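Before anything else, here is the set of structures, which you'll find just below.
One chain, chain A, appears in both complexes that follow, with chain B as partner in the first and chain C in the second.
For the complex of A and B:
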């Protein structure tokens, strides 16, 4: 029954204006609110590998483990509105790289913070969206609470269709006010209390380029202003503003014979700290019958280091950081997702591996001894109220 | 300069591709769930958050939104 309903719905969408809209950040149903209420949850386990003993003072050390739970509710309201509620909880424990020192043989080695960090985060996001004949407009508010970090963000976005329905133009603006109050423990912090603001703008256009393929293109600019130094890292002093640009493109193609869709996305990132990066995402959505979908995916990422990054820094410089996240490295993610429909229920399972190495990147730079590798597993259930 | 070069290339590619008219009744495959830009919003948002907390770059899928103390 549910399958027939779904097919009927897809056919109807294909023949009505709902299917003509393809905003760059959503899907093919932008000019109509959702037909049914939808609810979903995910539980994810994130586990970082221990640091390598040969790169760590005191031997191998445990890093972060994080449990994350997500809840999502999307409901149609009246004829032209939709409301969405998203809640995310995270519980984190473990150790983080504190600073990098030099061994007797001159090798950089990392000193960990000790397995004393415990934190929880709760994020609540509410969105209301209005759908009109040729697009939609939305308002989103997000509040994130941690023991040592609070954030309040407001975002506005909209999408507009060309008259032939082949092209969709989109745009978004967001503003965020963040407060930082580091937990005082055994590790000295770089500030007692501080704040930062984040302003961001994005424009995008997507286009139907054939009966089986879509292409999109987007530009974004983000300005961060305030305390951008990591409060918990010993040798860390960063500029108090950062300007970031991204150029991104995406491609979707449906193949009839294997009954599968290819997703390809690329992003170029550049900023005024000297960081540049390339990101390529590929995924293959393989349908196995009407109810099962298997999704293998891979991601390649390469970044160049910030101008002020160094394993061994000069504290008389104006800016300096030993944070591995500002170093040059390459990263590869491979993962597999399974999506199984069971009537109105959908079961989602996924697992992925993320690995880093300085030699995998396209940029030159010093290899940080603190690069991170991790595993992530996820289980989820969705329900459609039809 | 790099940004400008990428921008020009992408715009050219986009312009060259945008030349076929697809009638509404030919868009059935495009309406499938697996053809959406982000078929699983919860998965995409968690992945983006993890990547942003472990790498120096983020964004590109929309406006940046708020931050977190994730490290």
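For the complex of A and C:
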């Protein structure tokens, strides 16, 4: 009788692994546009926890809430072309940290912007992508409009597969021109009208290292130039230039027995403001039958503060900021996503919890009283026209 | 959901494609795409076509000029090399030239002198190849992909159908089969394995939900000389037929692996072949020289008539 299951013979392993190098077993033999039109809607809610009372001085302790609705359309245009349209509407409300002051006992306490901020943002993104035998190339234009912020961005990207089909090289360039015109309300702003430009370049390579695993590696550089100060923060004055580098690597491994895939990613970030960070992402893509996928995931993030960050800053310094986003902290995100196919419909549900603490990080620094925790939920529905 | 069936001739035999599809236009596209893919591989690898890559490689034998190959061909050569290694040298891509000595229609055995002339031209270890080129070092040397291209073409056709969104399909290239049965609703395909001596009769019925089924047999062509049977499965070292199993069928996640496994088993002496199949880890059926069935699929032949009706239902809609 034959032996079954995990007790596969070395002969079978040898035959299978050499057979699987043939193009018919490697999924897409050439990059191809999507076969069918696809449309989807997604609703997400982002809810920051209120700032803890003991860390604030009066004002509102209520933080940000964002409601977002997204529409997505992906359509094959011709044999070698595809077109994608993404529209997103966001409604933001709440208060944000205005500045950090010192209590009688010397503790840093955050003062929130008094009145609730209300803002809406609309973003439209259009992508066309061309597919050729050994890869694909895309052009993407994004326009984002807010009451106080406009952005226009253009991005180009391309991917190229090696002749053995196992290695993919990729590259991307993007440019964005942003205009800032803060709404004048109860708190004074740092500027009346200003702008900034962002240019960014990325190169990456991914390699199929076995029939079950893939390794990828990427490098990117971003250059920001212009008004980089937060217009709504009282004690904020930042350099008008920022250079950022990231190195990223990722590993995917499919396990036959549990019918699941592990995704592990790491990213290192460094910039010339003195901010550095490590990000570690782990996700487990568990297939439950052919139609259901359950994805628990976790992220660890640790950031080191900018050279000019302080809870209590000296305004005679050239640069200073009390923005908690430039402080040292550690953060953990834990989430769960469910993907369910129902005929031509695909339902996506997800929920995640983000918590942060200065002591969780690997970098030293003062804890900002304004660090934020949040919940995020989303519900999405896609339809495939086949 | 309508059932489609399409028959065509390729790779030296009858080919049949069956699938379920709700969209007539998509079905038409699928039929054309599958036939085009099978013909592509036939044109590329058939030794009967003067313009094939195989003929080009064979013509360049002994000239010192290497022939450039693509990734698909390199991977196919790699698979053939694995078969050579796993069979202890019994599967040899260069052994096809023995057919110059063996004419199974003639009723005559070849002379040992004729065989001895050919043996020096056989030997995979002599072939110079890498990922980008191949060269056969001796004039008259030949390679023949016949042992794996049909199986590969079945898999490639099935992959293509799945890629077009077809969830249930059966590709049958003259007995080498690959199926698509995706989604919870897709029912398996029931296919019969031919009896070695009575080709119109099934020896077993197999339910295929994924992968492929490949069969190899020694019964199709043979010489009977002075009461002794000489099969067409030849030992590349001696040039004479192997005294092994009559027929082998293997079920595997890929038709190519099923076919390679069946071929290796057929090249081994009977007892060794049965042991090798038993240890392989795939469902199999073998018929020995006394027409006795062996293997994990052998018990399905017991209730053949009951299965037969299931198969009629499964196959004809």
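Criterion: the second predicted complex is superposed on the first by the 353 of 386 C-alpha atoms of A that agree within 3 Å, B and C clash if a C-alpha of one lies under 4 Å from a C-alpha of the other, contacts with A are read in each partner's own complex, and residues count from 1 in each chain.
Just so we're on the same page, a residue touches a chain if its C-beta (ideal position, glycine included) is under 8 Å from a C-beta of that chain, and two chains touch if they have at least 3 such contacts.
What you see is a predicted model; the values in this text were computed from it and never measured.
Of the two partner chains placed by superposition, only chain C is touched by A:289; chain B is not.
Of the two partner chains placed around the shared chain by superposition, chain C is the only one that A:35 touches, whereas chain B remains out of contact.
By the touch criterion defined above, A:195 reaches neither chain B nor chain C. In the superposed model, more residues of chain A are touched by B than by the other of chain B and chain C.
Of the two partner chains placed by the overlay, only chain B lies in contact with A:248; chain C stays clear of it.
Looking at the shared chain after the overlay, A:142 reaches chain B, while chain C stays out of its contact range. Of the two partner chains placed by superposition, A:367 touches none, neither chain B nor chain C. Using the contact criterion defined above for the overlaid structures, shared-chain residue A:49 touches neither chain B nor chain C, since it reaches no partner. Of the two partner chains, chain B is the only one that A:331 touches; chain C does not reach it. Shared interface residues of chain A, touching chain B in one complex and chain C in the other, are 11, 14-16, 18-20, 22-25, 28, 164-165.
Partner chain A is touched in their complex by these residues of chain B: 2-3, 6-7, 10-11, 13-14, 17-22, 24-43, 45-46, 50-51, 54-71. On the chain A side of its complex with chain C, the touching residues are 1-4, 7-9, 11-12, 14-16, 18-25, 28, 35-36, 163-165, 289-291, 386. Those residues of chain C whose C-beta lies close enough to touch chain A in the complex are 23, 70-72, 74-76, 78-79, 81-83, 85-86, 131, 152, 155-156, 159, 163-165, 182-184, 252-254, 256-257, 260-261, 264, 276-284, 295-296. Within the complex formed with chain B, the residues of chain A that make contact are 10-11, 13-20, 22-29, 40, 42, 44, 46, 68, 70, 72, 86, 88, 96, 119, 121, 123, 140, 142, 144, 146, 148-149, 151-153, 155, 157, 164-167, 172-174, 176, 178, 180, 196, 198, 200-202, 205-212, 214-220, 222, 230, 232, 244-250, 252, 254, 256, 260-261, 267-271, 273, 275-277, 279, 285, 287, 293, 301, 303, 306, 325-326, 331, 337, 339, 348, 350, 354, 372, 374, 376, 378, 380.
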